[in-house]
Amino acid sequence: MIELDRLEMTPLLQCKNLVAGYRIKSGFVHAVDDVSFDLDRGGFLGIAGESGCGKSTLAYAIMRLLKDNATIESGSLLFKGADLAKLDEEQMKKIRWVDISMAFQSAMNALNPVLSVGEQLTDAIHAHEEATQSDARKRALEVLKLVDIPKDRFNSYPHQLSGGMKQRVMIAMALILNPELIIMDEPTTALDVVVQRTIIEKIQELRKTLGFSVIFITHDLSLLVEISDTLAIMYAGKIVEYGASESLFNRPLHPYTKGLMNSFPSLTGMIKRMGGIEGKPPDLLKPPEGCRFHPRCPQAIPICRESCPSLEEIADRHSVACFLHKGAEIL
Amino acid sequence: MLKDTFSLFIENRKALFGLMILVFFSGVAIFAPLIAPYDPKTNKVDVLRIVEEEMGRTTTVEREQIDEFTERRVYTQSIATTYERVTTKLPLNARPSRQHLLGTTKAGQDLFSQMVYGTRITLAVGLVTGLFTTILALTLALLAGYFGGVVDDIISLFTNVFLVIPSLPLMIVIAAYITVRGVIPIVLILGLTSWPWSTRILRSQVVSLRNRDFVRVSRILGERPLYILFREILPNMISLVMASFFTSTMAAIMGEATLEFLGLGNVSIVSWGTILYWAQNSGALLSGAWWWFLPPGICIALIGTSFALMNFAIDEISNPKLRKR
Amino acid sequence: MAYFARKIGLLLFALFVAVTLNFFIPRMMPGDPAQDLIDKMQGIPLESLEAIRAAFGVDSNDPLLVQYGKYLLNLLKGDLGISISRFPTPVWRVLQVAIPWTVGLMGTATIISFFLGTLIGIGVAWKRNTKLASFTVGLFTFVRSFPYFWLGLLLIYFLAFRLPIFPLGNAYTPQLQRGTMEFFFSVLRHAILPALTIVISSMGAWILTMRNNMINVLAEDYITVAEAKGLPLRRIKTLYAAKNAILPSITGFAMSLGFVVGGGLLTEMVFAYPGVGLMLYQAVQSKDYPLMQAIFLFISAAVLVANFIADIAILILDPRVRDGGK
């Protein structure tokens, strides 16, 4: 399928030089700073980074759900020929949930505690199409079945479900209008490892049968190993490494990517180094001069302090923004 | 942290406005004798002055030869002084004018002076009661929250029960039985009927702090309970204690005005509540003397607003969601 | 059901505490109010003295506990004693006349105020960044700080005295035949200003509580989800935001009911509205202690029951409570 899409050559979503963030009294916080990526039809893009790196802002920007003082400053988000960044709210309403839906970070907070699961599933249908109660109900039961939730849970309230079930209900909700793209913002964070696993497998299985694309956002790079075909690593609002997952996993180039990879235990059982990366992500209001990662970078060289490296393609479908690899060819 | 809270508090426009109102009234209370043009209790102005002083004749009364060289004389001199006492009766039931900014009562007392002096009692009763209630509530909350178990169960139960027993009728009933009328009984009655609200809120905060990691660690390390209570729990709930103090004070000012309005306080003292009492009992309303009952209500509302604004500010500081974005 | 049982338990216990307070307050007071009263009321009928003695347990040789037992027993029989000021009418008879007026006035006004305040609260939270919303919040913060009775005085002055639109007090025109249409309208006309007083002063509390709850709820993820789903704004506002925000507001309603009722009592006093509040005032003035205490009991019981009803409303509205959680 991926092969087919490549032939078509028109990505489902093309994000170009997107700048988004929020205004506060003391200035503008560049939570998403000049981010570009392509997502193919049926593709699976993983975006990884520590919390506060701007990945959630990116997700909300694509959904055009930025609130209050948060805005898209510049750049474009081409989705099937339309620039999401420039649509007005009415036009966006027609696309949101119908074409692009989202599974939220914590299903516990994303489900309304005083409405039944069924009501929360069907109201999305009623909001977008003329459907009878029974048709909507049928559709809701179908998607519940897709995520392995028994029928009798239709009338349950969120608090009556386990954490994993809530998350699957959230995914069912995202599927209900059969969208082409689902953004998943850390959908498994609050769950234990075993449940995480089953959810990921479920997503993978659904994607194969239904053919939607996914942008999967997580702080846990290890989750993306098997499922994503493209990966973007974000640090302090910028994509620092981007490319085909296989290539990235086999040959991480950016010191930050390497650090992230070291922060999860290897599956072979040998715990190599669990240390991860020293220090904290920078304050996005006043990002450091030069490469934003240099204060924490174990391999920083003098130039890193002065200028900011741009994302450059080093090999086929593998780019990195790092002076260590500037102009270098991977052999 | 304390300092941060304070500077946030000052920066907050609502808080600043509230604080300004409070400072204004406090100033009025402190400098009442300098501000008030008349004695709040009398209906006349007495001016006593010396009109004329006449030196009388000096007469020698006694004369004595002590010895050959010394002579002693005693003189008497008479002085006649004429005093003038001008008693101006203040006009009765006068509208506000330049002489009487807020008019006068039916008995001829100057209402502006009454309002100025009334600020003293009203504010003092409010603040003292607020403090009393907060200390009572805080003590109960710390006991309940810290020791937990049966102590907590009992305190919580009674808090929840007294929270729903209507306090105003209770206050009225207690006040009706008290034969000694005065300020202190009022403070006691108000304090003893208004602790549950603060206790409930403070207690839940103590319980939540008690389960924080840093307190747990201290307990495991064997710190003394008193140290944990006063050094670790208390400093983290300053803003809530302040909020509860403001609310209690506000309630106390309202409660005091109410009890005094009903004549359950000492009606011979001058406070905003007793001004309303006399206004009501002299038929101010139906004789059209709006100036008699209007100012106390407005001032009570201003003070109430001042505390409410400061409370909003505290809410906003501790709950960023409420901040205006 | 555990929730229900707990609330019933709390209700009964609170009633018990109120009843006990009622017994002990006169006995714990410094001085001897009973003797004072007896001294003051020289030449009153002997039976009246008996009523006072019974109310205070003066001259009773029984130990306190026995007195308490007798008191409870009498209470269960519905015997609240004899009114002193309206001797020899039993207290409950006196009270009976006043209760319908109070329940009618305060019940209606409180319900109107709660619903109106909640609606406005939802509105000002929903449009929180508009000038109108800020103005409304500011206005009610100020209005809320007025003493109830003062607001009542103000309304009387302007709308009954200066512009004689409404009557100055009382609950009906005495000359009218009861049960006629005319009488009904007169009752309505007399109730408007007192009701307005209660509504205006108590509404601010509901507005501000609901506003804060709404703002907290509006920051929840499920609101964002609802927006993302493209739900109609009205549905988001009601079923997603308000339905969640109203739960703590109802608890708040229950908690401040006592306060509102207190304000209502004062309103009655100011308007000479012949309800329980005015009766309490008269009882205090005439030192009719048995009547006063019966009124305290009645008010407490009414507020406690209203609270219980609010708890039941939460049980119906919140699925989490229904399942016995939280």
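Order of writing sets the labels: A, B and C. Residues in every chain begin at 1.
The rule is short, and it goes like this: a residue touches a chain if its C-beta (ideal position, glycine included) is under 8 Å from a C-beta of that chain, and two chains touch if they have at least 3 such contacts.
Because the structure is predicted, anything quoted here is derived from the model rather than measured.
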By mean Cα position, the chain sitting nearest the middle: C
State the chain with the largest centre-to-centre distance from chain A, centres being mean CA positions. B
From the C-alpha centre of chain A to that of chain B, how far is it in Å? 59
For the pair chain B and chain C, the C-alpha centroid-to-centroid distance in angstrom is 27
Can you give the whole-Å distance between the Cα centres of chain A and chain C? 54
At least two other chains touched by the same residue of chain B: list those residues. 325
Pull out every residue in chain A that's touching 2 or more other chains. none
Could you check chain C for residues that touch two or more other chains and list them? none
Interface residues, chain A side, partner chain C - complex: 63, 65, 67, 93, 96-98, 101-102, 104-106, 109-116, 123-124, 127-128, 157, 159-160, 173
Listed in rising order, the residues of chain C that touch chain B in the complex are 10, 13-14, 17-18, 21-22, 25-26, 29-31, 33, 36, 128-129, 141-147, 149-151, 153-154, 156-157, 161-162, 168, 212, 215-216, 219, 254-255, 257-259, 261-263, 265-266, 269-270, 280-281, 284-285, 287, 289, 292-293, 295-296, 299-300, 303-304, 307
Chain C contacts chain A in the complex at 220-222, 224-232, 235, 239-240, 243-244, 247, 317-320, 323, 325
Across the complex, what residues on chain B touch chain C? 157-158, 160-170, 172-174, 176-180, 197, 250, 254, 257-258, 261-264, 276, 280, 285-286, 288, 290, 293-294, 296-297, 300-305, 308-309, 312, 315, 319, 321-322, 324-325
